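Shared chain: chain A. Partners: chain B in the first complex, chain C in the second.
Showing the complex of A and B:
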């Protein structure tokens, strides 16, 4: 067990190092020069050169990469000369809104997926099952920002039920629902097939044979064990979820990391794009690690060898 | 028909006569699957629309028509009259239907090209890793694991945003170059399963070289699975392109893209809701078509894999 955790830990560190290196090397090509941003358009070449030297931009690429690693290890993601703020402080400012939306979105996904998945499996091949299968095929195909726009149009604007954007408690409903409606489809499919698999097992027959109510068999015996692949997918899904949040936050002007990334793209702000990508990618890798470890504790069948 | 094919009465309809070639069995299974056929039809129609765009678009998608807006400068709602702003106009007086038809070109081009690039890289890495084994396999698969751990859309955005003069080719190259990892994983698994089978040994005994074994014997075996995954990936790549265009870092102006149309529509949704409805519907149908086709191909390739 400890060996398993250690191996996952080492692997996580390697992945994060790769993320830092790739983001740095890619961003090195970005067509924005911090020296020019600081000095303004009328600076002399000498001024620019001295600012570049002060920022260490004149050093060789490999050395800068090594220095950058050191910087990141000290929790410094660099200074954003476009926004005149440290990158990390901007990220930390936007982070709570994204976490809030992400939690609400996952809750939406599960609230939609669990009842539908269970009913589809229990009433297999009934009309409910057929409708569900069609709906989940359609759900996967829908662009999340389009669903968001439609919710904004119909539930926000025409029906006036929710705010048309911005950060507020009722304002989280529509963006979370957009991610939930499109994301739930995969969970429905996974839960349904895993329920069907568990239903065939002997212990379920035993539970029925000893006279337990069908409701108890379904929820206590089948559902709980069928949840394992759902939890696995929850961990794998984080990267995809983040992608959905980036576009959804843009639709609803939700002041999280996605909206920040949009500003960064608009300003061709290399430092911020780089910091955001690195921070979010690393966060996802770490969360995957956490999910794997929790999972190893929960499911004794996993081999740690 | 059944007498011709020698199918005994007692057999259920899904059982196929062993006298049919595997290819014919595959075709029959595919065409008996309603959703799969629907997906195929959607894909064929979209490809036709993309190819024939200059001939079927009723108006010029880039032209700003003076009669395309109201005297107050507002966009026109759908008129349902062909050639007269059938699906309405945008705030500059451009025809939405014609833009939609031309937008299919970008979606299809990026969807297919990005997938081709991803599949080509993934096949190469997967074949080499699976066949070589040992250290080569280990190194290649660790790299694949790292790429799989990257959040896809974020890295597409990062890589795309550092390229200053983008073309449509930039967009599909970026999506393709970052999307090979799943194909590599799948290909390697299939190669591992196939490489120790007797026919490969027989080919080796007959003196076939590594390249020949890979190309003639292993590639055809992994192709089925890769085609299924590739078809699903086309759908994903179409959505990725539209998301990039939606975030204004997709295909460059003035090229029409469904994602860009939705961005524009979002600015006018309160007065001109049709601007977001049509391009989104087109995107959903395109992605649904490829998803259904991929699922159908998968079912037809593996008849026993039920759910």
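Showing the complex of A and C:
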């Protein structure tokens, strides 16, 4: 087990390094001039040249990549080009808002998805199943900004139940709900098919044969064992959400990583884009690792030898 | 200054359009607002003005300043030596100092009004002014290459030496710009190496804001978050990227003391949310320019219509030609394109009528604008004839770049494409991302394009900011995106710029001659003049139907002076 975790850790580091390299090369392949971003449209060529020198942009690209790796190893993500603040502290400042929203969003997704998924599987091919299957298809297809705008307009503006965007405790409800409504659909589909698979297994028949109450059969024997693909997806989903709910945060002016990334892309702020991409990629990679380890607890049959 | 148009507005335009459709079939908003949309919460000591921006407030440090958003709080926190007359936007009047100038325009003597203090009680004197100017023209210590607007003071004697020395400004008045001398604590002398008619305009820019030397020295690079000035408000708190709160400066010396308890500036609030929040009374002021979708919503909502104001701004929208290669190095072809584009249709369809057809580079509000020059009329037949005369083989294939981050830009580009199609010019559109305040592809000296959609709004209301910055050789490959040039034009503009301000009449004549050349040579496709607009809650003004009685002074670069707003609450 420990050997497995170590092996995975090494690969995690390698993956993140590869992501850094690719992001770095792509970011600097964009035909933009950071010196201009900093100095504005009036800047003289001398000003531009001295900013380039100060940022090390006059050095060859590969050398800059090596230097950047060195920086990252020292926990230094550099300074953002526009505000000239440390990128790491900007990320750390925006992180709590995103974590708060991501956790609330996942909670919303699960609260919506679990009852629907279970009922759809248990009452397979009934009208409930048909309706929820169609609804989840629609849910997957709905763009989150559209759902978000509707919620803002009706629950926020007309009904006055929730704040119109911005960061606050009640303010998390609408963005979390819009991610929940669109994201739950995936969980419903995964949970339903996974439950249907488990239902066919022998031990379920045994459990029923023993005369266990249907409720216990469903929740203790089927549901728990059907959770593995859900947990896998949850890990990826959480990693993805932590990487920044770019559209959701924009729609609700939620001051997290997604809004920061919106801003960074708008300004082609390379240092900030690099930092954020690295962070979100790492979040996904690390969450995958966590999921793999959590498997062991959910299903002792999975071997790590 | 390029207008700072908003990233992701394509997305938000869609959202606005959506909410427009929905709101037109919906009812009225729930509680929280009174009939006139005023907020019901009032903090102690008077009301709060709340406004919001789609972007970050980037800085409060004059030595780092480049953007429009930051001007909102900076105008309120700082004073400058001179400023603009509230009644006549483009006239320079004393702020903290009166001045004398020698007839040759080379020596300015500023008499600083006595008893002015920074918000922390430190005195504002000639040393502080010199320090502020030295700091913004120094290459060190802010950023890699000094202040972005440091170049604006290059006419001051000793600018080059000081800038290239790389030394830091000193609060004791020693060193620094040789041409800026402290005579006594209330008197400052500025010597120019050459007369510069618009020099006082540069002293009204936020880059010349007067900072407290003690605080600036104490915080160095971090001065932005600890900014101290002598303006009507002072910085109370700032959660960067979220919101900034300003409160009245207890030491403010000026006649227009703030009538509110707080000024709250919210950052990163999307256009859609701003409109909803304004309708609900959470926002008291929404600055423009509003997008077409937003403006459509204004027109369809009686409350918004009542709160809408056109607030000037001198913005120009134009197409620059790549004049470094055929076919647009030929004036006949450039004229043909001018005749082929129906500007009125663009104004109607893209801006909902918020524009005026453009006849020349200068907007009507700037001295030097020549009212006798007429816009190129829409005349496709004449355009075809000119193309034939120029010997252009049709169909002509060209590439046009435009910033594709707003629906309005995309639609403008498509309209130009359709209209040029009529005269046999096939335009392939290339949308590019806008980076902050400029478009990277514009500056590319290789210019892989023939036409570029672009815009400009004034840094200050002087012809120099348009004619020199946008059409001179010095601005090649930067703000003169298409590298258009004409030797006579260049001579006229250079001469006008080097005259002292006292010879304004002669300057205007020179500019008008230059304007005629740009017009006749069709330096650009002159599209339209635009303006800023704003939504203002009724309680911030005495009479909602009388813009002149607004009590809201809008600076020539269109930031509101919140301390001058009348408050009826």
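As a convention for this text, the second predicted complex is superposed on the first by the 265 of 305 C-alpha atoms of A that agree within 3 Å, B and C clash if a C-alpha of one lies under 4 Å from a C-alpha of the other, contacts with A are read in each partner's own complex, and residues count from 1 in each chain.
Everything that follows uses one rule, which is that a residue touches a chain if its C-beta (ideal position, glycine included) is under 8 Å from a C-beta of that chain, and two chains touch if they have at least 3 such contacts.
This is a predicted model, so every value here is computed, not measured.
Of the two partner chains, both chain B and chain C are touched by A:152. Of the two partner chains placed around the shared chain by superposition, neither chain B nor chain C is touched by A:225.
Contact with chain C, but none with chain B, is seen for A:253 once the two complexes are overlaid on the shared chain. Once the two complexes are laid over each other on the shared chain, residue contacts for A:71 go to neither chain B nor chain C.
By the touch criterion defined above, A:50 lies against chain C but remains apart from chain B after alignment on the C-alpha atoms of chain A.
Of the two partner chains placed by the overlay, chain B and chain C both lie in contact with A:262. Shared-chain residue A:18: touches chain B; no touch with chain C.
Chain A uses residues 30-31, 145-146, 149-150, 152-153, 157, 247, 250-251, 262, 265-266, 268 to touch chain B in one structure and chain C in the other.
If you check the complex, the residues on chain B that touch chain A are 35, 142, 145-146, 149-155, 157-159, 161-164, 235, 239, 242-243, 246-249, 259, 262, 265-266, 269-270, 273, 276-277, 279-280, 283-285, 287-288, 291-292, 295, 307.
The part of chain A that touches chain B in the complex is made up of residues 11, 14-15, 18-19, 22-23, 26-27, 29-31, 134, 137-138, 140-143, 145-146, 149-150, 152-153, 157, 192-193, 196, 238-240, 242-243, 246-247, 250-251, 261-262, 265-266, 268, 270, 273-274, 276-277, 280-281, 284-285, 288. Those residues of chain A that touch chain C in the complex are listed here as 30-33, 35-44, 46-55, 82-85, 90, 93-94, 145-146, 149-150, 152-154, 156-161, 164-167, 247, 250-253, 255, 259-260, 262-263, 265-268. Put simply, chain C touches chain A in their complex at residues 1-2, 6-8, 11-12, 14-15, 18-19, 22-23, 26-32, 55-56, 58-59, 64, 66-67, 139, 143-146, 148-152, 221, 240-242, 266, 268-270, 272-273, 276-277, 279-280, 282, 405, 433-438, 440-441, 443-444, 459, 469, 478-479.
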